[in-house]
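Okay, got some structures for you below.
Shared between the two complexes below is subunit A, which pairs with subunit B and subunit C, respectively.
So, the complex of A and B:
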């Protein structure tokens, strides 16, 4: 046993046996706290593997950095914006997805194959190219604005670029095919007679959708929803190009922290938050699906 | 072995291998070089071993002090604008009525950002190093600024699409603008133009010091600097380089231009960068 500078007893033998992070919190805290402390630069000071730095402060495990992350108004704005856009994109793609998928499934086989091909095609084009196309389409002199001005909806072109609307449109186009494909395979597995049977029994279309189609295709909705939501959260190129620094999302904020501030600790916090959001979304969707099932 | 990546990435790599450097010399922006110097990654350069040293413009000779770095290129930053649509004579003209919703500004995180803010500060009569006044001025106009750009190629595209009519840019990007078919102009501003410099550094404990010196000298030679200038890679820091007017148009070239550059002191950048970023994020970032 010896007296360490930090003011606590340290057993040299245990120090050898315990894993590094424990020995750090035992033996090295004295010096660590004195030098590092929880100052403005707390992120870059904490040691350990980058993936775990977010949990580390003063050499022990803590969630303080996460609380610190949400103390910043900018970070909160970015978090809510990411969550909001992810949710809206998922919801809208579910609505469009059902309509599209149902119309495709009811087509004869050849036409169905062609339509699925059309749905898949955008997935084969690089997201960079797809996103850049939107810059041209949504620009002042682009197709959308020329139509708006021509129709007399507005005298001057509307600014779409670098707004949340642009990011929403870009993300929706990027991930809608995933939702459509998931729903197509779910609808194909649905018994062919289910819808006519419900109609014969007097259900209107809304009832058919809510009571028959939705429960029978919920698996596809959960998969599609998770893919779209996770994709929207973690997309980098689209928010970077269509939103820029005025519409920061968690992913673009992460990139900024790493490249500009060399701040891997905040970046790992953001990455963790993104992962938690993805898993929660998946669990939530599954929960919703089972709850509906029980009814 | 050649390591690539942007200035910050290079700095991170050097830092990671501090105790056993595998890199002998590196090039980076002045403030990143100063940051490396402060971390003890670099050593002073023995300029007597560089036969081309005396040919350099004065501002390139010892930008960090103690011969910790030698400048090999620099660029001017001014405002590129559509001369047929607007007139720009001051950095404050970026916020004129005609440019509402038609102007881009560099993000504070880019190399163009802080120098541009510094000049905006000068234009509104407050060029304190904290850039508070300038950031405040930009924040006041943020809804009228189309975007805070992060890549110079992005600005070129917005200009081409007529989304914007003016933006502060580095001279190295000018080539694309003059070819757009618009009446583009490089502003001569009453506060002057700003810019940045890139420098070479020698790592502490470099294993191939002789080769590093040889390479630096080669890079600074009139022949190589001329070739780099002619290929429009980097503007020459070697004052003996002569290029045609056509080439010079796309560069930051000539003694007069070089002397007119109002560069931000790298120490000022380094010491204030964090506070600029938080000021920017607080006022503009959301």
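So, the complex of A and C:
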């Protein structure tokens, strides 16, 4: 986000200046005003597109630029926010995932197949469509706000869009199926009698989970967790649509650095951070897979 | 008994969370009002109709279709030989080749797009369209290789040997014995590649120029400037398109065997 002083916000995509009081209280729910959607003439100046300007004028690339990158408070905030949201989404999806996967695994076979189909279905649909639904639901005149006002819980609509909560909800909906599917296959490989045996021997549900289910499905949890965590870290669509420039995450920050500021040094650093995280997650998955094949 | 009940409640809530948004999108798409609101004011098909009238949607739909179809075909042309070589021969640097081929899945899409923009489009003056095509082909390649490999692993190699012994050349054997036998795997790879490419955003993000935008990116732009339900209508149409493609594939191919 680039603040040009005087309460103005410069749109990341169009470089239009938008007075911040407009984006603070966007009259509409839409992404439009809040993200400075006055698109302007982006496409009429073909070579003048922000991303095309001044490429040859960038500085050299040393390790010092990493330190410089983390000196900026905005960059630090975005970095920690991305990690934090990734961790929360992973943790919450693990909790919901276990409950759901266990419920599905204990169903009779036909019903189980159908339920798995329903869990897979959202994965086939365009993430843009999936994320857009939350604008309709969480918007100012959306489903949730209409209900809140109708119930008299609040006189004015509550702002949900462009908050971390909205991004969290969007990411959770996007990645929860991956966690559920990983846990289903882990639970299916668990010996069928383990849970009843533990119950008969007097363990309560918490003990059963911690001492029986968790150790036996650890691998599935790690696989699902890695998919969800890296997915959240490298998500673009959800933070772009539901977070806008108020809730920047690493990918949206990268996009903004390039298109607004032509700041390729920062963009490369963010790219490196994303690559390192993605590669290490992948290595971890590969190691787990080979460990399993050996057994 | 209580645990049974508890699991039904869990499943219902999770399904509402995962699938409820689509019900809302469809409701919004069929709304008669001028802006997005819930409950929708009246019922009409006007926003669904409007989707087909928006010029930029038509152009970006055509581009997305082109990329999804020809990008996937190109990925298959590259990927089928890779999969075949990897499954039938012990290759030198086999592991390295496998890593390179699967790299486009591991590297976050936005970085692929950024790299292509910086090192291909800008310095070499390659057109954005060509870069998009390369990016989508590279993105689909890992999926193509994986799905076709799975299909090849199920094909016994002694059928090929029988054909060779009976006098067929290696090339003829590939085209007349191997290809017909892995047909459905190739079709499954095509469908997976098509859906992946069509829904892809991050890779294409930096690779859009004047009049060159893929449909999902066009949707994001459109929803920034307007607040009418036509995006909801388009989202609903796309959701139905993806679901029916996958449903038909599962029905006739047993798609899930390959993915």
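Here is the rule we use: the second predicted complex is superposed on the first by the 212 of 295 C-alpha atoms of A that agree within 3 Å, B and C clash if a C-alpha of one lies under 4 Å from a C-alpha of the other, contacts with A are read in each partner's own complex, and residues count from 1 in each chain.
Everything below uses one rule, namely that a contact is a pair of C-beta atoms (placed from the backbone, for glycine too) under 8 Å apart; a residue touches a chain by one contact, two chains touch by 3 or more.
These figures come from a predicted structure and were not determined experimentally.
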**Message:** For A:276, using the defined touch cut-off, is the partner it touches subunit B, subunit C, both, or neither? Pick first, second, both or neither.
**Reply:** neither
**Message:** Let me test your reading of the model: by the given contact rule, A:126 touches which partner, first (subunit B), second (subunit C), both or neither?
**Reply:** second
**Request:** May I ask you to decide whether A:256 touches subunit B, subunit C, both, or neither, giving the answer as first, second, both or neither?
**Result:** first
**Request:** Please work out whether A:177 is in contact with subunit B alone, subunit C alone, both, or neither, and reply first, second, both or neither.
**Result:** second
**Message:** For the three-chain arrangement built by superposition, which of subunit B and subunit C touches the greater number of subunit A residues?
**Reply:** C
**Request:** Return first, second, both or neither, reflecting whether A:248 touches subunit B, subunit C, both chains, or no partner chain.
**Result:** first
**Message:** According to the stated criteria, A:63 is in contact with first (subunit B), second (subunit C), both, or neither; which is it?
**Reply:** neither
**Request:** Pick one for A:139: touches subunit B only (first), subunit C only (second), both, or neither.
**Result:** both
**Message:** Once chain A of both complexes is superposed, is A:99 in touch with subunit B (first), subunit C (second), both, or neither?
**Reply:** second
**Asked** For subunit A, which residues lie in the overlap of the subunit B contacts and the subunit C contacts?
**Response** 135-136, 139, 141-142, 240-241
**Prompt:** Within the complex, which stretch of subunit A touches subunit C?
**Reply:** 13, 28-32, 35, 37-39, 43-44, 46, 49, 51-52, 55, 96, 99-100, 102-104, 106, 115, 118-119, 121-122, 124-130, 132-137, 139, 141-143, 146, 173, 176-177, 180, 234, 236-237, 240-241, 251, 254-255, 258, 264, 267, 271, 274-275, 278-279, 282
**Prompt:** Where on subunit A is subunit B touching in the complex?
**Reply:** 40, 72-74, 77-78, 135-136, 139-142, 159, 161-162, 240-241, 244-246, 248, 256, 259-262
**Item:** Of all residues in subunit B, those that touch subunit A in their complex
**Value:** 6, 8-9, 11-12, 101, 107, 109, 142, 146-150, 154, 157-158, 161-163, 274, 277, 281-282, 285-286
**Complete:** The subunit C residues in contact with subunit A across the complex are 6-8, 10-11, 14-15, 17-19, 21-22, 24-25, 28, 35-39, 106-111, 114, 117-118, 122, 195, 198-199, 201-202, 205-206, 209-211, 216, 219-221, 223-227, 231-232, 234-236, 238-239, 242-243, 245-246
